[in-house]
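Worksheet: the structure to be examined is printed underneath.
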Amino acid sequence: MVEALPITGTFIGEIQADYEIPDQNWSDEVWDADFAAMKAVGIDTAIIIRCGVRKKLLYPSEWLMKNAGCERPRRDKLQLFFKLAEKHGIKLWIGGYYSGNDWMLATYDVQKEMEHMKRSFAEIWENYAKNSPAFGGWYLSQETGARTAYNVFECYKQVGAFCHDLSGHQTLISPGISGCNNGSLTSKYPPAACRRIAVTPDEHREMWGNVLDYVKGSVDIVAFQNSQVNRDTQMRDFLKVNYDVITANGMTPWTNIETFELETSLRTFPPISFECLLDKLEWAHQAGFQKAITYEFAHFMSPNSCAMAARNLYGLYKDYFKK
Amino acid sequence: MVEALPITGTFIGEIQADYEIPDQNWSDEVWDADFAAMKAVGIDTAIIIRCGVRKKLLYPSEWLMKNAGCERPRRDKLQLFFKLAEKHGIKLWIGGYYSGNDWMLATYDVQKEMEHMKRSFAEIWENYAKNSPAFGGWYLSQETGARTAYNVFECYKQVGAFCHDLSGHQTLISPGISGCNNGSLTSKYPPAACRRIAVTPDEHREMWGNVLDYVKGSVDIVAFQNSQVNRDTQMRDFLKVNYDVITANGMTPWTNIETFELETSLRTFPPISFECLLDKLEWAHQAGFQKAITYEFAHFMSPNSCAMAARNLYGLYKDYFKK
Amino acid sequence: MVEALPITGTFIGEIQADYEIPDQNWSDEVWDADFAAMKAVGIDTAIIIRCGVRKKLLYPSEWLMKNAGCERPRRDKLQLFFKLAEKHGIKLWIGGYYSGNDWMLATYDVQKEMEHMKRSFAEIWENYAKNSPAFGGWYLSQETGARTAYNVFECYKQVGAFCHDLSGHQTLISPGISGCNNGSLTSKYPPAACRRIAVTPDEHREMWGNVLDYVKGSVDIVAFQNSQVNRDTQMRDFLKVNYDVITANGMTPWTNIETFELETSLRTFPPISFECLLDKLEWAHQAGFQKAITYEFAHFMSPNSCAMAARNLYGLYKDYFKK
C-alpha cells in the first residue's frame, strides 16, 4: 500500500466564509465538538484564516474599529477559539485582517492595509497570544498566485518581518497557483482558454523561486494550495516543484491539500471524494512533504459539517487512518 | 445591546419554489411540525406566496382549470395550510395566481391574468377563507422592482381594490428593489455594471413615491425585499427610505428581511449567517419598522429545512431571542 | 386516480459521479443499506453506469491499466456491488469504460475505445458476471442525443454485437435528447436560443428511427433520458414518440425517469419534487411504458442521500406506492 500523508492541520474559515463558502451557523457547542473531532483524527494545528474581513471582526479590535471602518463585533470569537485550542491541545495560528480591496490595483494603498495587519497582530499578541500556550504562529493571508502581485510579496516581506519582531513566532503563507482551475481564470475564460493561459510547472518554479528568495527571512513556512491545477495530469508535478522551490529557499514545506472539489461543472465547492483525497495525500508523501494542512475541516471533512458528504468523508478518513 | 426586530411573519414558498429554490418534499407531518416551529419563535403570520403557478395549483380551482390550462391538483394543499394555521394559531395570507408569463411585455394580456387572480381569490374566499378564523388577508404576489412595470402597478390597484370589496381584508405587497444584487441585473451584467445601473436610494424613493401614491386605497401594507442591495454600503439607507415612502403614503410599513444570502459567488441561495441576519434586524428596528416578515422560514431558518445551516440558524435565532 | 408507472430500476453513478454530481463518500455499510432501501421500494434492477472513467476503475482491469493508462484501484468496488446485488436480489447491469475523450471529434480513435470496452467487458464476464446469479446484462454508456454522433451509433452496433457473442445477455442504452434543457445547449446559449435550436418530437422520431434501425440486433433495450425537454409543454409528446420509435424497431421500451431537476436557475441537480416525479411516471404509463429506471436512486431518492430532499422524496414515494 502506498503511504499517504495524514492531514494534521486545518484552516478555520470563520468570518471570511460567506462569499464562496456559506456560513454554517455553528453554536459554541458545535465548535467545541469540532475541535474534539479534529483532535480525534490527529489534527494539531488550526489556522484562523483572517481575524477580520471588511467590516467584520473576530475580536473587538480598537485599531480596526477606529481606523478601518470595522463594526464592533457582537462577541469575541477569537477568545472562543483560543479557549477551545487550549482545551483540546491544538496550536492556533492567526491570520491577518483583509479590507476586501483589490491588492492588484496599482493605486491600492498597500501601506495602509499592512499597517492594519501589523496593528491588529500587535493587539492580538498583547491581548490573547502572549499568554496562551495554544498560540502557534502568524498566517499572512494574501493568497494570490499571480506573477505580478508585487503588493502581496511586499506584504509577506514586511509584515512577516514585523511578526518575527513582535513575538518571535513563525510565519506561514499558503499561496495559490495560477493553474487552469484558478477562479481568476475560470470566472473569465472558457476551459480551453484557461488551460492555455495556465502557468506551467517550470514557470511556477521560476516565479516562486524569485518570490521566495525575495521574502526569505520573513516567511518561514509555505503551504501551496493544490486544487487549482488539473488533478490527473498536473498535480503530481506541481507538488514536486512546490517541495523543491520551498526547500531550495531554506523554508519549511507544508502542503495545503484542499478538501473541496474544484473540478466540477459549477463552483459550488462540494466536499472531495475520499478516493481523490487519498490520491493527493499519497502524492504529497511521495513529493517529500511531512505536514499537510487543509482548507478546511469544518465545511468539508467534519462530522458537524452542513454537507452530509463531509460527514461521510470524516468516517472514511478516520477508518482509513485508524484513528 | 442594540435592539433587533424579531421576525413574526414568513412566506410559504410551496408550489413556486421549484425554479431557484428546490422543493423540499415535505410530508404533511413535516408541515405540521414546521408550523409548530414557527410558532415557537414567535411567528404569527404566514403568507402563501402564490395559490398557483403555471399549470400547478395549490387547490382545485375550477376557474383556473377551465380558463388557465391548469391541471387538477392531486390534493388540496390550501386546505392543509388552513388546517395547520388554525391548529397553531397563525394568520394565513393568500397570494394570487401567476401564469408564468412575462408581465413586462407590452403585448402581455394583463387583464386576463388579473381576471384569473380575482376569480381564484373569490373561490378561495368562498370555499376556505370566509369560514376560517385563521384567514389574515390577501397577498398581491407580483414582485418587480422595475420602474416601468406599469402592468404590475395596475394589478396592485385593481386587484387590491377587488380584494377589499370581496372580503374587507387587508392587502399586502412585497416589491423588489432594482439594486446591484437584483437577479434581473446580475443574470445579464458583470458586477461592476450592476453597481452602475442599480437604482440609488433617492431614485428608489421617487419611483415608489409615485407608485404607492397611485395604488393608494388598494394596497394596505408594503414589505420591500431587502437582499437586492449591498448589505455593507446600502441596506441601512434603503431601509430608511422604504420606511419613509411607505408611511408618507399612509400605508403600514412591514419589511421583508430575507433569510437567504444573495452576496455569494453563485446564486445558490444558502441560508444567511446569523450575524448578518442580526445586522439586518437591528437596522430594520432603527429604521422604525415594527414588523418583519421573511422569505422564508421553511428553507432558510427551519429546524426541518433540507439545509443544515438553516437548522443551525433556527437554534441560534431561538437562543438569541430567548423564545 | 391516474395510474403511475413505478420505478423498478436505477443507475449507480459510482466513479463517474464527480463532475456534475458530487461523490457522497459512502462506506460499504451505507451501500448495503442502500441496496436494501432500493429493494424496499420495488427496485429489482441496478445499472452501474460505467466500470471505469478516465484513470479511475471500479475493478482492477489488467487490460485498462496496461493499455488505457488507468490506475490500479485501491479496492474492488465491482465485487462489492455484485455481492450486494446477490444479497438483496437485484439484477446488476454493467456499463462500459469511458476514456473522457470527446467522441464527437472526427479525429477521435473510436476503434481504440471500443477495444477498451470490449476487453473490459470480457474481463468482467470472466471474473465476475459468469458466475453470479445477479448479473443482468450490459449497458452501453454513451449517452449523446446528437444527430451526428456517428461514433456512438457505431459503438452501439459493434460493442452491442460483441456483448451478445460474449454472454448472450441483453444490451441497454439510455440516450439523451437534444432538447432545450440539454447541457450541450444550455452551456452555450441563452434559454430562448436553446428553445429555437432544440430538436422537435418529429425530428427526434426521424433521427432515432434511423439510428435504432442501424443498431438493430445489437441493442435490445432503449431507455431515453427525459429531463432534457420542457416538462410542461413537451415531455408527454416525447415520451410517446420514444415509445413508438423503440417498439417500431422491435426493441424493448424502458424509460429513464430522471429524479433530479434540470429546470432550475443553476444546474445544481437538486432532487426532483415528488409532484413532478409523479407527473412523469403517470405520463410514462400513459405512453405505454412498462418499466421505468432512473438516474439515480443514490443521490436523488435514497434515504441515505446527502441531499435531505432526496431522503424526504423516498418517504413520499414509498408511502404513495404503498411499499
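Should a chain be cited, it is by its letter among A, B and C, assigned in written order, with residues numbered from 1 in that chain.
Here is the rule we go by: a residue touches a chain if its C-beta (ideal position, glycine included) is under 8 Å from a C-beta of that chain, and two chains touch if they have at least 3 such contacts.
Here the structure is a predicted model, which means the values were calculated and not measured.
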item	value
Relative orientation of copies subunit A and subunit B, as a Cα rotation angle in degrees, nearest 5	120
Shared interface numbering between subunit C and subunit A [over half = same, under half = different]	different
Chain centre separation (subunit A, subunit C; CA means) in Å	39
Junction residues of subunit C, two or more chains touched	266, 268, 307-308
Interface residues, subunit B side, partner subunit C - complex	18-20, 22-27, 30, 54-56, 74, 266-268, 305-308
Complex interface listing, subunit A residues touching subunit C	232, 261, 263-266, 268, 270-276, 278, 307-310, 312-313, 315-316, 319
